[in-house]
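The first chain written gets the first letter, and so on, giving A, B, C, D and E; residue counts start at 1 in each chain.
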Amino acid sequence: MGSLQLKSIRKAFGTHEVLKGIDLDVTDGEFVIFVGPSGCGKSTLLRVIAGLEDATQGSIRIDGQEVATVPPAKRGIAMVFQSYALYPHLTVKDNMGLGLKQAGAPAQEIETRVSKASKMLSLDPYLARRPAELSGGQRQRVAIGRAIVREPKLFLFDEPLSNLDAALRVQTRLEIARLHRELKATMIYVTHDQVEAMTLADKIVVLSAGAIEQVGSPMELYNHPANVFVAGFIGSPQMNFIDAGKLGESGAKTVGIRPEHIALSRESGDWKGKVVHVEHLGADTIVYMETEATGLLTVRLFGEHQYATDDVVFATPDRNSMHRFDANDRAIR
Amino acid sequence: MAKATQSPIRSGFVHLALIAYTLIALFPVFLTIINSFKAKNAIFREPMAVPTPSTFSLVGYETVLKQGDFLLYFQNSFVVTVVSIFFVLLFGAMAAFALSEYRFRGNTAMGLYLAIGIMIPIRLGTVAILQGMVAANLVNTLTALILVYTAQGLPLAIFILSEFMRTVSDDLKNAGRIDGLSEYAIFFRLVLPLVRPAMATVAVFTMIPIWNDLWFPLILAPGESTKTVTLGSQMFIGQFVTNWNAVLAALSLAIFPVLVLYVIFSRQLIRGITAGAVK
Amino acid sequence: MSATDHSDPDLPTIKRPFRWHIVVFLAPAVIVYSAIMILPLIETLRLSLFNTVEGQSVFVGLGNFSTLFGDDRWAASFWNALKNNLIFFAIHMVVQNPIGVALAAMLSIPKLRFVSFYRTAIFLPTLLSFVIVGFIWKLILSPLWGVAPWMMDLVGLKALFSPWLGKPGSALIAVSLISVWQYVGIPMMLIYAALLNIPDEVIEAAECDGITGWSQFWKIKLPLILPAIGIISILTFVGNFNAFDLIYTVQGALAGPDGSTDILGTLLYRTFFGFQLQLGDRSMGATIATVMFLIILAGVSFYLFIIQRRMRRYQF
Amino acid sequence: EDVTLTIESWRNDDLSIWQEKLIPAFEAKNPGIKVVFSPTAPTEYNAALNAKLDAGSAGDLITCRPFDASLELYNKKHLADLTSLAGMENFSPVAKSAWTTDDGSATFCVPMASVIHGFIYNKDAFDKLGIAVPTTEDEFFAALDKIKADGTYVPMAMGTKDLWEAATMGYQNIGPTYWKGEEGRAALIKGEQKLTDAGWVEPYRVLAKWKDYLGDGFEAQTYPDSQNLFTLGRAAIYPAGSWEIGLFNSQADFKMGAFPPPVKAAGDTCYISDHNDIGVGLNAKSAHAEEAKKLLSWIASPEFADIYANSLPGFFSLNSTAVKMADPLAQEFVSWREKCKPTIRSTYQILSRGTPNLENETWVESANVINGTDTPEVAGEKLQKGLDSWYKPAK
Amino acid sequence: MGSLQLKSIRKAFGTHEVLKGIDLDVTDGEFVIFVGPSGCGKSTLLRVIAGLEDATQGSIRIDGQEVATVPPAKRGIAMVFQSYALYPHLTVKDNMGLGLKQAGAPAQEIETRVSKASKMLSLDPYLARRPAELSGGQRQRVAIGRAIVREPKLFLFDEPLSNLDAALRVQTRLEIARLHRELKATMIYVTHDQVEAMTLADKIVVLSAGAIEQVGSPMELYNHPANVFVAGFIGSPQMNFIDAGKLGESGAKTVGIRPEHIALSRESGDWKGKVVHVEHLGADTIVYMETEATGLLTVRLFGEHQYATDDVVFATPDRNSMHRFDANDRAIR
């Protein structure tokens, strides 16, 4: 239980086509993350899967069964909304239990499941409170809890952590990972946070303007981006893109090298250049330099380094980690 | 493709129910209008039938338009209604802003004081009001009506508007303050435009009793030159109470202006324009 | 540093200058309202403490009130009017507001077509003047003109028709329902606005949770619009206890038959302004007005201090 | 500079007659005076007028309701004393009685018109059914039975919805026959008779019998409904006031006749209600009292009486100079003055000064009796009890 | 122009004291960043400086002049609100120009300044739009633009980038840095983002529960946190805290070591332990391990590393980068 097949899903609002034929297979128990720039259609796709929005075209199968005409309630899904969407008038407990109650589950059963979920999410002390009396992180957990108790085949998360601050974010992320391990349910997750995507996903789906750019495991995308878009989108700071011509490479139009795959030295190296700006992050140092061969180059160094603006430095890329792209921006393998 | 979000059966039922109620709501109005175009015997014999060539008659409208200066009455009603609404909205919004924006001593008391007016019908003050108007030499002027309606509309306007004004983002007003806007500029340039839907609601709620009022026009401005359309048509009904053609025609005529005013305001009704102000 | 060691003596607490703009914002409304509404009303209510004795107005303290409640005749009309008024109010609460809520609930269904047409159509009666409403409904319900009997005949219920407005048992209900017909637009409009205020996500979350249709309305939407329903109830209460015009136009100032539609508003009007041969009695009128004011004030205070305090408002 | 005089009135039906006939006639003779006739709907007239008088914004001339309502205005000094007005001599004391102080010392309104009650009938219907004009109670009910049995016509057009119709067209119409007109009325005022006495309850008993002859749903039938029912030819008999004549003439396309309230037994004295209904007074605060008096004197003149009574058939002039009326129906009504004893409505003088108001109570009870809500006896008791609560007749 | 002195600023809401005596000197042209946990009073302090909230006590001097009773409009400041607070009914152009217009600046002048700011922020194509028609990042820039055109002495930013996605965030951050360089105005900036704080600030102010914990340059705070609170707050993942007793260190109660200052090896090292969880971020690898000596230990490695759960590994801290804290949680220098 919990597999999902999307076949040429299209969705238009009026004449504006938001999803342009999405094909995707998600196997049971997988953790799939959608990433992509703002407005590319991630939420819309999630909502189509949930049945909150009708696709203009295409087929959606959950566990092999066509669900296009099945209302959201009957699809065996649970959705966690970006804005939590808790029922403001119900206590935490009732928020979590309402769905079960509606389905006519016996009170005993509801009690057990809610208390199990609340234990898992450390919500026990708050069961009697209403959403307004909870902090952001707690609300987030209630929203997740509400999804869990229904033990759905399929979880849908829409940027569930976007409103949390750094510390809470890390903590909740770990909880979701644990959840996935324990429940073994299929999860589909939208985020724009690189770290979340890299750490949580079995499979990342990169979307752009309503179409899928690449599907793969996090490290696959990091190491073997299919095209310039994916290469640029995955990784922060962004990959450096250099005109292949300038480097004398033939058979490629663009060469990409990630900031962390460039070594810096004051003495010698492949590309000579001048430091433009340095950012000290403590754990890392980001050096922005201008070289004749490459133009502006971002270099990420581990730990602290005392480079200063206008220093003359030499950069040496790790040739094995270079990416080559053709005239159509596709990766050359 | 079939819809998952909307079952056609359910929305069919909803339309059915809404159409049913719409019929209930419109039926009497419809009845008035179709019969106003019929000859007297037809009104009586077949009240439900639409006018046919044999029953069609404009005699009602002819009677109405011959009698009294209805165009002038309409104009008076328009002036009174529009000017009163303007002042109610302006003064009401200003007071609501003061009450909702600032914390000062007596704020709650002032709010309660201004709400008393919702509870007592202003009609009770008629004699004192009339005496005041006589003293101010305002009898038989539209000004008298405008003053009364403004006072009458203020309590509810303040009540509703201050609820809405509380929802205007503080950050927005503070941004204005930092931008160097005075409190007046904040009110006029930021808050007023943002509560336009609420203003429209208040305008509609204020408009109805003003347009339809019979009492104060009768007392304060019964003169021919200041007569309002409601007073005009009421007299008409008194005068032609058995002349249903004329009465129905007068009633039909009186429905339209208020409907037009409503349509003007209702564009603003319900939906806000605060989208994009804050994230 | 702890939270207890307050105040540095050399740094005085900060005082701000007088905020004249508050006065400017309040002044126009307060002046117009006080001069044209409150002063005349006070002047009127003051009359309740006076009465005319041998042509002279003299202070009688609570004498008028003891007449109102002590004199059989006065008390009977007063209690009759109050009773009718309560029924009038109750009918509005159980008919008008639920219908208004139901209509609003239907109108707020996402993606429904023709919504603004329905909304305008249903609001139209609210825009009509009493003159029109009274006249039309008298005609429709008139046994003579035959519209109502004819329509009931269509559905085979002609036998059930009776001259409702003319029977003491049914007149009040009939007039109340006409008033409901006229005013249903107001609760509908306010509830509709409140329903639109509920974030789509909450509704969608309910859809995903399997809470749909009626149970969605009962369990999710209704609790969230309770504050709006509260406001409507209080506006209905105030409106109903001040009501006058409709009964006056439909049933006349005597609110017949046999006083069965007499509510406080009509009683007040007759007493205060007089009617036909009955001369206006300003003092007793003011007395009734004062009692009405106190009743409404009690209701409003009950709402503000008991109901509204317990009611939760939710921020979305 | 022209002076403009404003006349306050509840007679908005008369607007066009004033505008088209009366005012031009007056203005032609009195250059420099303009007259505006400014009527208010009858239901609001008292309230609006009182408010305006109190505030001092009322018109120069005030149309006077008969008896106490106007007396009160005079007592409050809102109306000027017109005892010595030129033209007042054109009216008999009876005509002036409705607008004269209790002691008879001052008259404050110029009597304008009276109205007479009776029954108007559809002549065509009577002819068709072969019914003769009834003169006694029995004949009257026999006629009604016959009409009812035939089924073509509603026997009698009257509704109780508006209350006053039941009281005025019913009780006050047939009542004088039973309480013997002025005699009973005076006795009631003196406290020698009570409303529970036979003479006062009997008319209610008769009214109660009317119920069976009224149209379907008469409980919700309004006054205009009744008028329409009759003028459209659907009813045979209409309990009327003479003021209907003008309207009926213009609306009915059948022949009409009239008969006075039937007597109990053939040969009994007949009584009619010939009620002083309209007068005109002078606002004591009028800024143009002189001009207003000119107008009042003209209203008191035979010329006015002639124009008025002929323009408004059914409003009978109170002027001593006889007015020749062209309308046959009006003539019929006024002819009863010769054979029957006239009286005014029983509740109008003195008895409606207090609370509860006898007139208003009579409306309610008359409707109740016809509707069957109250028995005639209960109605009488209720009315007397209300009257007793404030009225202490000087014995 | 643009200096700021705060002297024992206190602020209470009712009896709840939110600011408990803040003393701070900001010199002209400095870029100061406030950080601290949610609810510690950052926004309140900013609002007190702006004059939107009256301090209960204390003195605020801008350019040496006491401003406690000066209304916000006259303080020569500009503020960018966390929520943007754009005027929804005005176009981008009018949003930026309103303040000047109100001040009675000539139309010509307004035009020039707005167009300069819009050029700087690349807003030219959107000048005629209303806020609702802009994307999140664009709105943010309008809010900044509105502040710039007024050329204030002092900028106040309240978490201006918190809701932007990663890419936009980097871009906007760079814009703000450039702005600071070009305008040479004093800037006070609230954020909970580590990278922003480290890269933008001349001086970071760490707040906790209404009081200042430490003031210093980013690297100062990173390298020499004054106490456990600051040490834990600055740096992500968080510093590891180890009971000094367990390590046999005397003279300290707690020892702190940052994840990036621990080396990992499969062969040998100071602390032996087992891998609990590994996060592959592409550029970095985070290893969570359990050792007997230290308990749970977070280690951050540069680049990709193939550790797996349950691997036995040895961790070696960089002794020079260790932090020692006394019983009062104060750093021992």
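In the analysis below, a residue touches a chain if its C-beta (ideal position, glycine included) is under 8 Å from a C-beta of that chain, and two chains touch if they have at least 3 such contacts.
Owing to the predicted nature of the structure, the values given are computational and were not obtained by experimental measurement.
Here the chain-to-chain distance from chain A to chain D, counted in touching steps, is 2. Interface comparison, B-D against B-E: more C-beta pairs in contact at B-E.
Distance between chain A and chain B, defined via averaged C-alpha coordinates, is recorded as 53 Å. Our note on geometry: chain B versus chain C, Cα centroid distance of 17 Å, whole angstroms. If you average the Cα atoms of chain C and of chain D, the two centres end up 39 Å apart.
Each of residues 51, 228 in chain D touches at least two other chains.
Touching of two or more other chains is recorded for residues 136, 163 of chain E.
Multi-chain contact residues of chain B, defined as those touching 2 or more other chains: 5, 44, 126-127, 182, 214, 234, 237. On the chain A side of its complex with chain E, the touching residues are 37-39, 135-136, 162-163, 165-167, 170, 192-195, 198-199, 218-219, 222-223, 233-238, 258-260, 279-284, 286, 300, 302-304. Put simply, chain A touches chain C in their complex at residues 47, 50-52, 71-74, 77-79, 81-90, 98-99, 102-103, 130, 132, 146, 150.
Interface of chain B with chain D (complex): residues 41, 44, 67, 126-127, 130-131, 133-134, 139-140, 214-215, 218-219, 222-224, 234-235, 237-239, 241-242, 244. Within the complex formed with chain C, the residues of chain D that make contact are 43, 46-47, 50-51, 65, 67-69, 72, 75, 159-164, 215-222, 225, 228-229, 347-348, 352-353, 355-360, 363-364, 367-368, 371, 373-374, 386, 389. Across the interface of their complex, chain E is touched by residues 169, 171-172, 174-182, 185, 189-190, 193-194, 273-279 of chain B.
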